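A quick write-up on the structure given underneath.
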Amino acid sequence: MTAKTQLLKVSDTGIRFGGLKAVAGVNLELKKGELVGLIGPNGAGKTTFFNLLTGVYVPTEGTIELDGEKLNGLQPYKITKKGISRTFQNIRLFDELSVLDNVKVAYHSLVNHSMLSSIFRLPSHFSGEREMEEKAIEFLKIFNLDQYMHEKAKNLPYGQKRRLEIARALAAKPKLLLLDEPAAGMNPQETEELMNLIALIRNKFELSILLIEHDMLLVMGVCERIYVLDHGQLIAEGNPEQIRNNPKVIEAYLGEEVS
Amino acid sequence: MAVNIFKNARGFWTSIVLAVIFGVIMQFLITGGTLNAFYVNTLFFIGINIILAVSLHLIIGITGQFSIGHAGFLAVGAYASAIITMKLQLPFWLGIMTGGVAAAIAGLIIGIPTLRLKGDYLAIATLGFGEIVRIVFLNMDYVGGASGMTVSHLTTWPWLFGCVLLTILVIVNFTNSTYGRACISIRENEIAADAMGINTTYYKVTAFVIGSFFAGIAGALYAHNFYIIQPTNFGFLKSFDILIFVVLGGLGSMSGAMIAAIFLTIISTFLQSYPEVRMVIYSLVLIIMMIYRPQGLLGTREITSFLKAGKSAKGGVNSDSKNTVA
Amino acid sequence: MEIIQQLVNGVSLGSIYALIALGYTMVYGIVKLINFAHGDVFMVGAFIGFYSITVFDLGFFPALLISMTACAVLGVLIERIAYKPLRNATRIAALITAIGVSLFIEYGTIFVRGAQPEAYPGNIIPAKSIEILGVKISTQSLLILGTSLFLMVLLQFIVHKTKIGKAMRAVSHDMDAARLMGINVNNTISATFAIGSALAGAAGVIFGVYYTKIEPLMGIIPGLKAFVAAVLGGIGIIPGAMAGGLLLGVIESLVSAAGFSLWRDGVAFVVLILILIFRPAGLFGKNIREKV
């Protein structure tokens, strides 16, 4: 690892729902260009942690900083504009919109033409929309989704839906991409394709990725560093080799398969 | 999904020219006496109902915000415009503008707090708002209270047609732009829209305000099409009448809402002397429709997509099992 | 003393709201549907009570029982015919159906018997009044309060102490899990509709006795207000509906007492919007967020 600058800094962050501490005292750092895994048994608080990062929940303790800017308390859409974008464990696409339009929605915050220019169909509307469309099509080509461009998102096969969700998240031009179990429900071949895709994304878009995954093979294979969450607290951090041999991790996963 | 005729500048202008030609022909038919008073009257009702249907379609069909107090905005527009023309003796065009703007302001005031609510709660809150508006006018002596307010007949075909055209143009253009897509993304999955950088509150309120504005314009035309307006004209049943256009036509389909508005207006003029029969039929149609074809006549599709049969056949394997009200 | 007099009126009115609100809250708790037709079941209950008293010459309690039974059947029919096919449909579709059923009952009633109002005979309950500490309380008010309270206690008993009550609580908590545990979900939902509708029927008869005038569209406003009461108390929470109903009745009476009787109908909706904005889970509810 060459020395890189820091991107995300999470300090002592947590949230309690009533009396229940769902996540507590998490310290986590991500450097630019890093691909980091976040693993843990079911109910460890991984998705809750993502929800804290993206503003769906507001942390009740600690601070979250991206590029030195504090994100606590910002609404989700503002955090997306600051540079964190995500996918969801249970895919959330815009089902009735076409594949192309799904990506265009992510470009929305980057448009220049005003609402009035669209309503009165001024020239800036046409040029703005055309530019958006060209960009989106080019983007879909990278993901081999351009063939489904005009298909409604809900009609895509499962694997392609996951792919589209990642594409859409990337279209929002994030500095940090959060992937929530991207391989869930995929067969081994699809998982392998996905691993290649994630590697490609990171090189091509020069961003950092934080990955929640159950598939150990995938996490151990692509991640440089791994954090392990259990009962809402970090219990280990290290490279795949260290994590594999960490007794605490083995204990947390006891009964579950650690490959 | 979208009405594609306005996709490029030429299609846009052709549609406008065709519409204007239609309007002029109708004007000749009306002034020439080819259409008798009954037909003209029905035509005016159709026009007003189209504006109402299309404006509510933007809120429910496009943005997915289930508002059932649309008659409240109709009432605000009707009373505001009537105050301008009758109390202040100002010209009709100013009355129409004021009606729209007053309703838009009402939409803004009611939309900001209530649009944070979801589904059922929003429905009930908007319904409550509609009732409050009615009760306010009922208690305002300035506008005649329960006995209502007399209004001159000023709504003419050019005004009506112009407003219908403007409503359709603005809402179609809004829908088929990045702003409309932002609204649709909220309807489809609000959490994902938020995660994609869409300011969901802003766009929900925007759609609500635009919808209210046109409902207010419809109110101005409605008020000046009668000789009297009373709070009872704007009760829950009126909201329901508008709602049924949008639902029957297909949530998300503007042409569907328009067709339903035209069709149901014609039916109700024939059933005018039997209001309870009309309501029994309406309610049965609604129940049966929801059980057997909950997506409405056209679903989210537009009538134009049926004209381009070849293209729509390709995406026609839609299993219309829509369980996505987040 | 005037204030206390108004409070008594408010509590009487509120107990009617509470009885209707219970049905809303139970149904919402179990199938997450605002049963718009509930206010119309209340209206049907009032009419059945009226005909039982005038045509069959029955007293208050027999009429009450007949009305409750008939409304229970009506409630189950509505559920089986209109709502059951939509159990997996979108919320909007279910809501629209409920509005459709409501209109169907209202205008079906007008179609069958006309829109003219009826008046409950005044001699069903001896009109005496008792003076307690300078406040006149009519026997009518006492009977209404007594009946309502009895029904609410009975409901609490059913929900907490009987098998069907346990099933109802299980289904409202998690329908699929309840089904896996061998609970007959369909019957449980029907039972919920039956109980809720019976309470609405009782409220109809009580309303008729207290306010005399009944007509086919009488269910709309009390129905909406009872819904407000249910939201006020926290929808899905049975004690919340009772408290919400009583509170709303008292608020309305106080507004009338303050000289704003024309605004009385508006107050409920103002309360609704305020509660939705500031405490959408209701006074007794807990905030629940959508799972992401």
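As written, the chain order gives the labels A, B and C, with residue 1 at the start of each chain.
What we mean here is this: contacts are C-beta pairs under 8 Å (C-beta built on N, C-alpha and C of every residue); 3 or more make two chains touch, one makes a residue touch a chain.
The chain lineup, named per UniProt: A = Leucine/isoleucine/valine transporter ATP-binding subunit; B = ABC transporter; C = ABC transporter permease.
What you see is a predicted model, and the numbers here were worked out from it, not measured in a lab.
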{"item": "Contact-graph separation of chain A and chain B (ABC transporter), given in steps at minimum", "value": "1"}
{"item": "Centroid comparison with chain C (ABC transporter permease) (C-alpha atoms), farthest chain", "value": "A"}
{"item": "Interchain centroid distance [CA atoms averaged], chain A/chain B (ABC transporter), Å", "value": "39"}
{"item": "Approximate Å spacing (C-alpha centroids) for the pair chain A, chain C (ABC transporter permease)", "value": "48"}
{"item": "Computed distance of Cα centres, chain C (ABC transporter permease) from chain B (ABC transporter), in Å", "value": "33"}
{"item": "Residues within chain C (ABC transporter permease) bordering two or more other chains", "value": "292"}
{"item": "Junction residues of chain B (ABC transporter) - those touching two or more other chains", "value": "191, 322, 324"}
{"item": "Overlap residues in chain A, where contacts from two or more other chains coincide", "value": "56, 88"}
{"item": "Chain B (ABC transporter) contact footprint on chain C (ABC transporter permease) (complex, rising order)", "value": "32, 34, 82, 85-86, 88-97, 99-104, 106-108, 110-111, 115, 220, 224, 227-228, 231, 262-263, 265-266, 268-270, 272-273, 276-277, 280, 290, 292"}
{"item": "Chain B (ABC transporter) - residues contacting chain A, complex", "value": "1, 6, 8-9, 12, 170, 173-174, 177-182, 184-185, 187-189, 191-200, 206, 252, 300, 315, 317-318, 322, 324"}
{"item": "Interface residues, chain B (ABC transporter) side, partner chain C (ABC transporter permease) - complex", "value": "60, 66, 68, 113-114, 116-117, 119-121, 123-125, 127-129, 131-132, 135-136, 138-139, 191, 236, 240, 243, 247, 251, 276-277, 279-280, 282-284, 286-287, 290-291, 294, 322-326"}
{"item": "Residue numbers on chain A that touch chain B (ABC transporter), as the complex places them", "value": "54, 56, 75-77, 80-81, 85-86, 88, 92-98, 101, 104-109, 111, 113, 115, 118-121, 125-126, 128-129, 132, 150-152, 154-155, 168-169, 172"}
